[in-house]
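Input: a single structure, listed below in structure tokens.
Chain nomenclature is as follows: A, B, C and D, assigned in order of appearance, with residue numbering initiated at 1 for each chain independently.
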Amino acid sequence: MEQNNSELHRQIIHFYRVTKHFGGVYALCDLSFDILKNDFVFITGPSGAGKSTLIKLLYLGERMSDGYAIVDGINLSRISRQQIPMLRRRIGVIFQDFKLIANRTVFQNVALVMEVAGFKSRSLIRERVGDLLELVGLSHQADAYPPTLSGGEKQRAAVARAMVGKPKIILADEPTASLDPAASERVLQLLRAAHARGATIIITTHDRDLLSRFDARAIYLEGGRRVDAAGGEAG
Amino acid sequence: MIGVFRRALGDFIRHRFFHGVCLFTIVLAVFIVSAFALFFINAGDLMAAWQRGVRITAYLEADIEKEQARAAAEAIKQYEGVDTVSYVPREEGFAWLKDQLGPHSSLLSDLKGNPLPDALEISIIRELEDGEVLDRLAEKITGRPEVADVEYARKWLHRFYGIYNLFRITAFVMAGLVFVAIMFIVANTMRLILYSRREEIEITRIIGADEEFIKYPLYLEAAMLGLLGGLGGTGLLYAGYLAVMPKFSSGGLLQFFQVRFIPPELTVFIIISSMLVGWLGCYFTIRRFLRI
Amino acid sequence: MIGVFRRALGDFIRHRFFHGVCLFTIVLAVFIVSAFALFFINAGDLMAAWQRGVRITAYLEADIEKEQARAAAEAIKQYEGVDTVSYVPREEGFAWLKDQLGPHSSLLSDLKGNPLPDALEISIIRELEDGEVLDRLAEKITGRPEVADVEYARKWLHRFYGIYNLFRITAFVMAGLVFVAIMFIVANTMRLILYSRREEIEITRIIGADEEFIKYPLYLEAAMLGLLGGLGGTGLLYAGYLAVMPKFSSGGLLQFFQVRFIPPELTVFIIISSMLVGWLGCYFTIRRFLRI
Amino acid sequence: MEQNNSELHRQIIHFYRVTKHFGGVYALCDLSFDILKNDFVFITGPSGAGKSTLIKLLYLGERMSDGYAIVDGINLSRISRQQIPMLRRRIGVIFQDFKLIANRTVFQNVALVMEVAGFKSRSLIRERVGDLLELVGLSHQADAYPPTLSGGEKQRAAVARAMVGKPKIILADEPTASLDPAASERVLQLLRAAHARGATIIITTHDRDLLSRFDARAIYLEGGRRVDAAGGEAG
């Protein structure tokens, strides 16, 4: 773990020997890696490898069992309850299971992120949410409720929600799993744009296509451990 | 602040069915509590009205002048528990006795003259709660030099007060129990509302809401549900009261007694309790959900 | 059949929290209903006990022989509303009158001899509900040739019966209202249980379950919750009864009256109603969910 | 619509000018096609094209708005409420959103299909469910609850549930969207095995890989209408 000072400064995520187990099930085991500011990183591995668990640890959806982790300057094992919402507002998450609120419209789901972040101006919210729904191709569904959406539409709503707060870090858990190639391309363009804007992007996927189309770093997981088969560099 | 209101209102619309069923439950719960209160208040009034007849007769010594008697009456009026004191000349007393004996009044015609002394009739305040107090009062009156003898329905009154007190204690205990039970029902209802929304709450937290953002609209909703439930429940009772009372009164049962609605202060108390309990049920449940 | 039981049991375990909260609500609801019943039953008993003292005195003609009096007593005993009839010789009557007059009994010593006739004391059955019946009875007794005169506390008794009937009607109305309100609360609770499980029900239907497969365990659960709630609620009341009664009795308030628990039949009725209402709440809600 | 008698006999699904709209939204429009017994058919098209809606019409999750449809000899617009469960038991569905019951274990979720179908023998149920979980690679998760599963694990549980009743028709809505290539392959093998056993298989997907790997018929949808760009034959 020798790092020069400037690299330390550029780190936005630092994991050192992080373990997460649920009862006897080890979802992540002794995982160490670093992600620098404005990185574009893929996390990949077979089903059940621990990719989503890693995402959950990052936004504090779960607390890690052991190890040392820093996200955007905050030590995840020391974070106080008051700090959690602050950290989460700096992170946009596209959840694998979308996590849309069933009885709010698509518009309201997306707008909620801004309300939560303290935006008061209704017109600003309307404008930004409208723009984003336009970008993911859901303008005509703005007033639809998630249970009436198709799988791909739900996923795009989740994408819009993750991006609307202009977060520093975007965690995208299989963001194109339910999407056709054209829609996938649009979502990736959005992620690229966020990256260009300076955000750090972390994408989990098992879509080989996706990996091959990007010249990005990839972290390979298997059974909760890092196995750097190709393209990865040991943390 | 406006945001909190707006969001609480949105939640009401979003969760129509669940909120509707829960509101219905709260209305019924408040209705029961206030019906209880209505019943006990009026039963208490009724017993108090019954008690109105309670009086002590103090027979005066034979040599007491009218002036002295009036002075004694004034003095006795100051005693604890005394409502009014009136002077009853021996003639009136005799007429009353005759009346009391009814068919046997012929007995009295055999008497030579009126053997009764003058008397003071002492009526007792309605709030008196205890036979012992009455006994003490009687003793105090007996102790006065003007008074030869004191008479009152001691046994009957002790029994009445026994029952009256039993009733009051029971009413109090019952009202307490029902109130607590209803409180739990309202609180439970709030829990169910929150429980049914735990996923929504969870998602809102995950996208960065702090506790305040989540809590305040929920508190407001809970209090509003409590308020609406309180208004609905007492309103329902009032409607029932208005609908039923005229029939009762015309039935003649209540000629001597006016059933009254629960007093406004109590109504307000019930409604505020309902709000408070709704909020409390929400408060304690929400703490469970907000642990990470 | 066993499958239905097994699945119902599984549901209980799966939905611990929700079922727990709902069961709690039902327990409280049943508790309130049965506390109501306990109160009214005992209050009714108490008033009936009070009524025990009610009696009619029939003064006989002066020339009636003892034998004739006894025959008249036998005849009167058959009249509606009569409990016991006892013969009171004139001597006893005089002693009683003396006792009644208390401090004024000296009045009677001026009398030459005993002016009272022999009498019959007629006590009234406790179930009598109406002053009118008493009036008719008194008239009938007066009509007999042996009877010279009849005496009873007509005014007092009419008033007593007025209040007693008012109480009974109110109790009945209140008990009915509370029962209905509680029914709705239990049924609402069932609705919420079903509502919280609509997704599960939906999925089960989609994978091919017919209505029976879904309904029967739910019915069973609802009935079981009702049953457990009924047992819990009445049990809670009984525990309270056992805990509170000794203190009451030693207080001396109840020397003349024994508070009894709600009779077993009523307890069973309450428990069965609770089951039935649980089931009904389930039945009507389920129909909403099973439409396609 | 001229068909010889033998083909009519071999038809298991017949759609003629079927329309499904939700309020003003037309999810399917004037759709006609036939599927023969033991066919292996792909339904494809962009997000929101109506693929899942088509699946829903088939298992009667939604009622069609207009048109004429027969599934396994039953007229979908005339079916009585009592017949619906019977039809559904002949169809196994892998739902796009999995539709697992959250408070039943994976084993119980899969076993429920057999209980619903009237199987009484606990041991038979245990055996068949156990075998199937083994095949999809979830034996070690049999007692886990769906919310604790990874996305791919949920999908495999849904696959197991769809297959356990040995249905005549399998409707698979994006059955490999959340799966890595190896797990996908295993699921496809299962579907192929069911096909070999005589089942009719209908798969929706936008995975081009998948389509190219099979020499199967594909029905292309777009905006709820059939657009037969390639490989399809007009119904």
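Just a few scattered comments:
What we mean here is this: a contact is a pair of C-beta atoms (placed from the backbone, for glycine too) under 8 Å apart; a residue touches a chain by one contact, two chains touch by 3 or more.
Not measured: the values here are computed from a predicted model.
Path length between chain B and chain C in the touching-chain graph (shortest route): 1. Ranked by how far their CA centres sit from the centre of chain C, the chains are topped by A. Averaging Cα coordinates per chain places chain B and chain D 67 Å apart. Distance between chain A and chain D, defined via averaged C-alpha coordinates, is recorded as 31 Å. In whole angstrom, the spacing between the mean C-alpha positions of chain C and chain D is 63.
In chain C, no position touches at least two other chains.
Taken chain by chain, the contacts form a single closed ring in which each chain touches exactly two others. By the document's touch criterion, interfaces exist between A-B, A-D, B-C, C-D. Chain D meets chain A in the complex at residues 22, 45-48, 51-53, 96-97, 148, 150-153, 155-156, 173-174, 177-183, 206, 208-209.
Here chain B touches chain C in the complex through residues 17-18, 21-22, 24-25, 28-29, 31-32, 35, 39, 43, 46, 50, 59, 97, 102-104, 106-108, 110-112, 115-116, 149, 151, 159, 162-163, 165-167, 169-170, 173-174, 177-178, 181-182, 184-185, 188-189, 191-192, 195-196, 240, 244, 248, 253-254, 256-257, going by the rule given at the top.
Contact residues of chain C toward chain D in the complex are 3, 7, 10, 14-15, 199-200, 203-211, 213, 292.
On chain D, the positions that touch chain C within their shared complex are 59, 61, 63, 81-82, 85-86, 88-89, 91, 93, 99-104, 108, 112-113, 115-117, 120, 161, 165.
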